[in-house]
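Step one of this worksheet: look at the structure below.
The chains carry the letters A, B and C, assigned in the order they are written, with residues numbered from 1 in each.
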Amino acid sequence: MNKADFLDKVRSSLHRKASDIVAPAPNLLATIKDFKPSSLVKQFQEEYEAVGGNFHLVKSKKEASEKVLEIIKDSKAKSFVFSNDKLIKSIVAKIAIPEAKIISDADIGISSAYCLIANTGTLVLESSVGRLASLLPASHIAVVKDEQLVPTMAEAIEGLDSLPSAWVQATGPSRTADIELTLTIGVHAPGVVDVIMIK
Amino acid sequence: MEISTHDFKNNAKKALKDKNLQIAMKRATKTFVAKREKAISSLDNFEELRSYCGAVKAHTIEHLDYYLEEFISNLENLGVNVHFAADGEEANKIVTQLALEKNVKTVVKAKSMVTEEILLNDALEAVGVEALETDLGEYILQLDGDFPSHIIGPAMHKTKEQITKLFHEKLGSKEDASIIELTAVARKVLRKGFLKADMGISGANFAVAETGSIVLVENEGNIRLTTSLPKIHLTVMGLEKIIPRLKDLPAFLTILPRSATGQKASSYVSLITGPKKETDPDGPEEQHVLIIDNGRSNILADPKLRDALRCIRCGACLNICPVYQNVGGHAYGWVYPGPIGSVLDPGLLGLDSTHQLPQACSLCGACGEVCPVKIPLPELLLEHRQRAVKQGLSAKAEKIGIGAFAFMATHPKLWNSATKIGRLGSQFLSREGHIKGSKIPVMKEWLKERDFKTPAQKSFREQWRNLKDEK
Amino acid sequence: MRVALFVTCLADQLFPSLGVASVKLLRHLGVDIEFPEGQTCCGQPAYNAGYLAETKEIAEHHIGLFKDYDYVVLPSGSCGAMVKTHYPEMFRESAKIYGKSKDLANRTYELTSFITEVLDKKDIGANLKDKRVSYHDSCHALRYMNIKESPRILLRAAGAKIIEANNSEVCCGFGGLFSVKMPEISAAMARAKTEGVLETKADILTSVDGACLMNIAGSMRRENVNIEVKHVVELLWEGVQNGN
């Protein structure tokens, strides 16, 4: 079926002709009221930990770098990958284990985030820095800044000029409940997730 | 999967006797209902958001021609190839041709009900393309040659014991593998599939007209992989998935996971807006979107049923429905079970083969209460019942019976004598104050699994004559 | 104040003791209750089966019969929902009858809510002290008439201990003709209901709807479960006879 025929079918189902179309203007807007922001950092931490994420608050880029090393050491990861941006490049410079040649072989992925949504404990990841570092390895570390926090998704998309090819809101580790609704962590994407927030 | 919507009654009887199914259903539906309640109570204004989302969807459906056109032109501007199919056959042809043209050997699939509707996997296999389901539930079903029984928990009709046995037989996993171990086995097998796949096929939870974005909601990460790794990403979506603006999305993403799995947010929400940009390090080079009608425009053309197209496939009406809880999804005989299935299926497949479904309901109203987009499900179920009567699909005996009943109910004297005869007659069938066996059709059905107390000899109206003077 | 009893066809024919208790309880509360003898059925069985034309005939008969009363009281949430919700819906497009149906809907009350809302009474001088009662929220009373508190208020005021079942708001499986069209599913639902009631260890199961209770009691007897099943109006009247 071509586009014109397809749209005609829809139009005739609505008992309208092409010339009848009036641009509708939905004026509705809803506010999501489930956050009590005494502090966005605190709220993010609570929500992130509630879904099984590990949260670390640090004071400087240097501390963040040390935290990354510590997590990698504890995880016994053998190789890592990282997303393509400045902050992360400076952080991964000192990592002792090798960078994986093939992304899918990496044990740990390190990335930044576009922003953070406090009321759900969500990281917004976007495609311009690469999609795979936060997706393929079994562990993911995000290094972020507290100024990247927004209260809800509504603020995250506010004033956005255009969307990246992929805008991903990640909330906690990969999970499934497909077997008897029993929560199981770590199916296809990272099962261990850490956020290191520089304040 | 063979459509058996016409045989709901027999399907249901079998389901009630299926011990594994009964165990699995009891474990699963209770959890769903409790989780949803908890998630909703954590929100101050769920009712307000429900009204909002219902209104946005209703508005969109009323102006679907406008928003679809906007969506399509935005897709085209993004460099997305847009395809259209009137029905399943055409849709499958488009997908298989695309796969062959692009020399695709393996397709990874993220869970999509619309592809279940059109049996896309069968079509792909028929032209030699491997189609691998990657959602854990769907993968389990594919391994077992089974099909989904729930919109969001496709394998919820299976017990863990059954799945452990299946994995042991098909994948060589341990005989007593735990759920965690089963999940790890699936990850390993499916990761290989992801890495070799030439094409990823996903559905769509929402399609944003204003931006041309496909919105996908999931927990496992298989959708992220499906839309990120293969060179080609194809979205197959029903024409009703549209929402107008990006700023409408947060409300939907607030009510959907709460209604579906009882989560505040699903693990991953992906907004896919066009193929990989030149500067992107990774992502699919080609994006295709296939928009399918397959009976939806019939529902759209029907002002009374149109509300059903608001559905965002959360499954809350299934979970709360006491009929669904007892018989499971397969009994309904097609991809959309439960209350929403009993409303949609007659619209998509026609009432002739589906008129038992709207009868599979005690009209308790629970589904209408939980629907996050306020589809008046009980009213629509009744609407189908009324249409079935008008179309002569109801049983002849029922039609005669109801006619006689209505005549008596409007003629009190006749009503009095007829009911008196019935009541006195019942005394002959009575033993120990209860009706003992009966060949009268309605009573016979009642007595199958329940007792029936013998009616009192004197009706209330007969007793009233004395009662009146007592005061 | 003229108050009519709509006894409902099921109570009239199958369990008239509910009608008797309704009359006695209302008289005890000073209501001069009348019983228009031309009453039959509200038409719900035909309506739920999809027979709209037939239902409309029955509804018009019912509307006409009760037109002169200030209140129409009935011991059922289900038949009440039929009159209050479905009558006006059904006549949406016929202006003349719509007005009458809306008027009747406004005057129609389920019995326990008539006591708490119109008579504005909580303590009706009933004694149900130490009775362990589980209350079944019948679907139509709960979802179409918003009756959740009235029966509980009266029971509590009478000293009964209400033990809530975790499935108190789940359908018992009756559903009118559904119970005989799909008897296996209907009975499975009744058994699930019983399970919830058993967990409460209550002595008595009660509700505002006799049809649900007939279904549950019929299933309990078949399954050899011994719990007393009694309509809330009969239970309250029994309490009144026990005195304070």
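Observations, loosely collected:
Here is the rule we go by: a contact is a pair of C-beta atoms (placed from the backbone, for glycine too) under 8 Å apart; a residue touches a chain by one contact, two chains touch by 3 or more.
Not measured: the values here are computed from a predicted model.
The most distant chain from chain C is A, comparing centres defined as mean Cα coordinates.
More inter-chain C-beta contacts link the pair A-B than the other of A-B and B-C. A separation of 53 Å divides the Cα centre of chain A from that of chain C. We define each chain's centre as the mean of its Cα atoms; on that basis chain A and chain B are separated by 29 Å. In terms of their C-alpha centroids, the spacing between chain B and chain C amounts to 32 Å. Against chain B, in their complex, chain C makes its touches with residues 7, 9, 11-20, 23, 27, 32, 35, 37-41, 43, 45-52, 54-55, 57-58, 60-61, 139-140, 143-144, 169-171, 173-176, 178-190, 192, 214-215, 217-219, 221-222. Those residues of chain B whose C-beta lies close enough to touch chain A in the complex are 24, 27-28, 31-32, 42-45, 48-49, 52-53, 55-56, 59, 62-66, 68-69, 72, 82, 84-86, 90, 134-137, 140, 153-156, 158-160, 163, 179-180, 182-183, 186-187, 190-191, 194-195, 211, 213, 219-222, 224-225, 227-229, 239, 244-251, 253-254, 261, 264-277, 279-283, 291, 293, 297-298, 300-301. Contact residues on chain B toward chain C in their complex (touch as defined above): 9, 12-13, 16, 322-323, 325-327, 359-366, 368-369, 382, 384-389, 394, 398-399, 402-403, 405-406, 408-410, 412, 415, 419, 422-423, 434, 442, 445-446, 448-453, 455-456, 458-464, 467-468, 471.
Taken together, the chain A residues at the contact with chain B in this complex read 1-3, 5-7, 9-16, 21-24, 26, 28-34, 47, 51, 84, 104, 119-122, 127-132, 135-136, 152-154, 157-158, 160, 162-182, 184, 186-190.
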